[in-house]
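Next up: some structures, all given as structure tokens.
Two complexes come next, and they have one chain in common, chain A, joined by chain B in the first and chain C in the second.
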Partner chain A sequence: MAKAVAGMEGVTSALNPAAVERIGMSEPEWLRERRAHAWDVYERTPMPTIRLEEWRYTNLKKKLDLNSLQLSDAEAMSDDASTWPERLRAAMDEDREASGHIVIIDGHVVHADVDKQLATQGVILESLQEAITNHEELVREHLATDAVPAEEGKFAALNAALWSDGIFLYVPKGVQLELPVRVTRWLSEAGTAYFSRVLIVAEAQSQVSYVDEVLSDDFESQTYTSTAVELIAREGARVQYVAVQRLGRGAFYQSMQRTLAQRDSKLDTLNVALGASVTRVDLNARLLGPGANSDMLGLYFGDDDQHFDFNTSQDHVAEHTSSDLLYKGALDGASRAAFRGIIRVLPGAQGTDAYQTNRNLLLSPESRADSLPNLEIEADDVKCSHGATVGQLDDEAKFYLMSRGLSLIQAERLVVLGFLGEVLAKLPLGGVVDKVTRVIEQKLAQHG
Partner chain B sequence: MSDASILKIEGLEAKVADEDLPILTGVDLEIGKGEIHAIMGPNGSGKSTLAKVLAGHPGYEVTSGSVLFQGSNLLELEADERSQAGIFLAFQYPVEIPGVSIANFLRTAVQAHQADGEELDIFEFSDILTERMELLEMDVTFAERHVNDGFSGGEKKRNEILQMAMLKPKLAVMDETDSGLDIDALKVVASGVNTLTEEDPEMSILLITHYQRLLDHIEPDRVHVMVDGRIVRSGGPEVAHQLEAEGYRGWSEADSIADGV
Partner chain C sequence: MPQNETIQDLGLDEYKYDFVTETEPVFRAEKGLSEEVVRQISAHKEEPEWMLEYRLKALDVYNSKPMPKWGGDLSSLEAVLDEIYFYVRPQDQMERSWDDVPDEIKNTFEKLGIPEAERKILAGVGAQYESEMVYHSLREEWAAQGVIFDSIEDGLKNHPELFREHFGTIIPMHDNKFAAMNSAVWSGGSFVYIPKGVSLDTPLQAYFRVNQERMGQFERTLIIIDEGAQAHYIEGCTAPVYTTESFHSGVIEIVVKKNARFRYTTIQNWSNNMYNLVTQRSMVHENATMEWLDGNLGSKLTMKYPSCYLIGEGAHGEIMSIAYAGDGQHQDTGGKVVHVAPHTTSSITSKSISKGTGRSTYRGLCKVHKGARHARSNVECDALLINDTSRTDTYPYIEIEENDASVGHEASVSKIGEEQLFYLASRGIAKDEAMAMIVRGFIEPIAKQLPLEYAVELNRLIEMEMEGSVG
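Right, the complex of A and B next:
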């Protein structure tokens, strides 16, 4: 079989069954089968259109051309940090304190390290490809099974068929990581499709926070990155996941995230979207055991013609679970954001507390925000609320601030950071707050 | 215009930017350094419009007349430049800025008033802020609250005076600062303003008010009556007392006495 694939060189870089086989070439049988099955699902599933409720705000016909994309066939860069792009190193320098690092350049994990003490306690932080060899059973049990299986939809299937690498983080029972795990990604090849996965398993009573930052320069042609994120918190575990998206223009960033929170666990997520031309995040939080809690934060700041689409769901499966979602964004230029969120309380999930808020601040008359919060409640003893607002930085507020001597740029900066500060203030990771604040300030300064 | 003049308004006419209806129909007013002037008048007479025009509100358009501030043309400056030049407007309806603490807001504003390239001394700023808040009988925790967000009417007005105390303007225009205040809050505000004018005898104040009671606590040098977009009478403090007794009835343009204008 290796021979057959080798003979197809030259066409294997497109998104096709040959690519699926090539990627899985040296993988175990079960994984090759999963990839082949996923490709089947992908081919059988029609491309979502705006007639589908979940895609009504993002017209894929206009926004994404999968046929134009190639898979990367670049060799992995070396582990020597001095050869890495400068912006990647700068981003890493800002947050040295960590329990471990992973660096991914153009889809390849080029570096992984984890605190020795933690490693001896059984913490695993490595590339998913390595984990298949080193920890096959753990990966086999969780990868694309419970959390983001191929059956989830067209893009979940495409990812499950074509993922090239990713991250596996395993925290054994009772082990608590004081410092976050930091992942930094860099993309450089225009016209390329990148597929990766994140799989985090936190065993009972363990604790971990994970920060995943992706950066690039602007791309001359559309570049697509798809990540499937599977987060599993066992009984009493505490997991915090942070994604910071700082891609250049031309990028289509897609992230499919599912969190599975077992009894008494706390599984929180934060999505920060600042870059890329198109951002699409699907977040599904499942509260599976009594006492489970998930807080979901989102923050976005758009300008020019940036497009953001957040599709979230909070599924309360077990009784006495709670979730709280707060997504806030500011939009400048002709940027646009859509938020579609649903709280689902399943039959039997009595004592559910669920909240959902989306707030938008429009900084220019050309910017636009659509917000569609929703409830679907099949239990009777629940506390749920949802709300959405779209506000404007109005002339009175501008005049008030300027009458105190602030320039228009200073006034906007103060108002935007104040508006988004409600989300930033809830972040316990100091480094992320500083970094995000700086990026927002840079964007505001460019548009003053 | 004398050297002692801080503000000189001549024949000022203004309207709402997108409408035709004139609101100011020819205001003449001169304020000397260190003087306290009051403008009184019925609702809709144009008092608040005059305040906003002086501060550079973009919603109003000046159609005629001139305004000199310290001898220079004020009307060509943007709102932020007017503030930096030394004009302060205490708002009738202060704006809520959610998520922005008073300390952060004031730090940014005071920094904007520094000379070019001069960094604000943050410790000195904190000391002054604490001292100013004591003057206005504000709790220190007030500085961490978000600007006007969820404030009572009295707290909003006190916050305006705090900003004035921190920015130390040459001319403060106070637009109905007394409205919505109970008598105790009024006394605190008035005593704050009086302390500021004692500290800086050259600071001038233009009080805009409906009521005599503020003028019992901040004594004006001159009182002007504004009706239909212009000043129809000017005089000493006795004008305010007369208005209090007689009301604004009869102050139409026809029988106005342009005393002292």
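Right, the complex of A and C next:
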């Protein structure tokens, strides 16, 4: 009896088979089946506990109360920017230049535009719900199949069962987007669970960068957002994915990402986590064809009681692939960060170059960092290394700056910015660097 | 080093410890683990009642704990344990004079070079054969200064208060499944006490030998280094090669008191059919230093993570680990440093070599507790892979609760570079020899810390193993 109950963990008055049925009501049969299957996996999979290596540092019993969450009942806002929240518009105004925009408010895609010339070349940027109608075969082939299927785990299954909308980006062979695609999201309903997905397919020799920013005010009660991100780069494609998380307190941000890099492709990611009460990012990079490369960057800045948990893996499946991971964070107040990363070199993946570095700066006595960089190597002709450090501000650097006339506080800010700036310098995407630097400066101003 | 001569002297061209001695034990318990076996062990040792109760309680704890799901492959271990003899008593009493040890056993250890080593340099020697210490001796000068170097059984008999004060406090029976098992069936091992201010200038050495087939050895060692004292303890382990699996699970508890200094060296060269699951832990007090030098060359699977709990201000812990995993071997080793007090420092250096289908895993923990201000720790792991079927893993846990701690971890994995081989070839050095040379250079920082005879043996082993590994 106890076992049957355990298997049903996470089934609530809002998250249940009826909700799955309702969301999929007008969808094609294959998708409704996919949702039902995902729900099945969700029910069967026990809730992860800290006894699992992957969840060692985030105790969901304390951090997430699924029972208190409702699904969104917000109506879709109009595609009229003047009706949108002020902060959302401000975030968009900071970097207007783009190949296309998507705006998502409370789970609904309210706006989508794409450069006309790119559209004629076959670039698709639209809501996932529209793509099901307009590009059914493409979506059917890739959605929750190769990259983030329900079988990935409890939360991947929950997302695959209950996602309401998301983004579909398709770049045809040889098409190169000079400007990034910009997605801006806004969440407003406290106590709500949001589920969305991102699916990006970059065909051979294409090029695209994608920036996804999510914002909100503080929430009075826990608000949960789950995103499944599936990135596919075909032969020789170049893809950059950037996620900037600037949610208010009270938010539980969860992102499950997988990148599939085929021969000679370059598939880079940057995860910036500045807001929310809890951040959990699962990122799995798979290097599937010779010559594939992934740079994986991460940056986080915590204060108060913010909690960050990054769980990354670099899977070298084919020979002559490379990956380089750099996650850096500064922690103030009583904030806490955990990094768990693994490099896996599979048998036969000769000629792998894989690196992994996690560095933490503890700015206050109450902050805490845990780091677990792992290696599993099953081929011999490889170059792999990893490093992790936890430490405080460099006294010498501070002293030098102060000898140049800076105050202690100014010197500290500069050292932190320099420490985190290394990550941004590796992916100098227009708009992103300035914006993230500004937010960090605001946070540092409170450090005083 | 002048290795050519010494290596030839050793004449090591195969696993040289693969010989069996015909001995008739005076008592052998039924195979498998049961309450009956535990009671028999306790009765044979004429133990006080509290120890029997302790053992029986530990047996319950063992039975209540699940098999670990992490580390090496333990899936067939339960079946192996059913076939194992947990207690084999080779003779009725422990000898103090080498001449009194029965000839068969004496021959075994003479083949292993033990009395010779004693004559040469050691302060004291102990030898365990199957389940019991068969020989223990300590130089007169040290005994006169109050040094105790005895079998663990005699420690319990002759120094009951000191024994009871520390036994099971550093590694409680609940710590893990195999610590519980050892707490139930422990037999043999050393009891060491170094009094205040006494410095042993030569090492104590204990030698562990499993001779019989399907044998389980469960030594228990308790070492207390009193304030300001210094000592070095070396253990060596071997067994013959059988087609069935054997089992070794030791528990080593160490207390290093204020300003004391202690080094524990293990050279484990068990045969490749041995499960070797060992718990080793030290409590390091104010300004004391603990060093583990851990060499894992043999066994089928070793899971062993020597640890230092730095509980006194200014305590220092150091773990140097070297592992060699050949065909079919899995060395799952590493170390733990736990910083509890302020101004504590530690370092872990791990080097591993995987060859053939061998797998070496580094698993470690560096933890800085709240209150351990200004803790410093550095961890370095390097792995060398010889063949494309070899495997290596690194799992370092770093958990920091103090912001003025400084903690770093670095690991690298590599194979022997073509350029290195090419360079040596251009200097007229054959490939086999070049490989061995590079591997020796790789392990040198740790190998040079080993007692000479072990360093020589390690070098020879590597030379032998590298033969035919090119191509």
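Simple rule for what comes next: the second predicted complex is superposed on the first by the 422 of 448 C-alpha atoms of A that agree within 3 Å, B and C clash if a C-alpha of one lies under 4 Å from a C-alpha of the other, contacts with A are read in each partner's own complex, and residues count from 1 in each chain.
Definition applied: a residue touches a chain if its C-beta (ideal position, glycine included) is under 8 Å from a C-beta of that chain, and two chains touch if they have at least 3 such contacts.
None of the values given here were measured: they were computed from a predicted structure.
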Chain B versus chain C as contact partner of A:383, first or second or both or neither: second
Looking at the overlay, does A:375 come into contact with chain B only (first), chain C only (second), both, or neither? second
Mind working out whether A:417 is in touch with chain B, chain C, both or neither, as first, second, both or neither? first
Scan A:364 for contacts with chain B and chain C and give back first, second, both or neither. second
Dominant toucher of chain A (residue count), chain B or chain C: C
Is A:402 in contact with chain B, with chain C, with both, or with neither (first, second, both, neither)? first
Output the chain A positions appearing in both contact lists, the one against chain B and the one against chain C. none
Under the touch definition given earlier, write down the residues of chain B that touch chain A in their complex. 55-59, 78-80, 82-84, 88-89, 91, 94-95, 97-100, 104-105, 108-109, 112-113, 146, 163, 167
Residues of chain A defined as touching chain C within the complex: 53, 347-348, 350, 360, 362-392
So in the complex, which bits of chain A are touching chain B? 395-397, 399-408, 410, 414-415, 417-422
Footprint of chain A on chain C - complex, ascending: 70, 383, 385-415
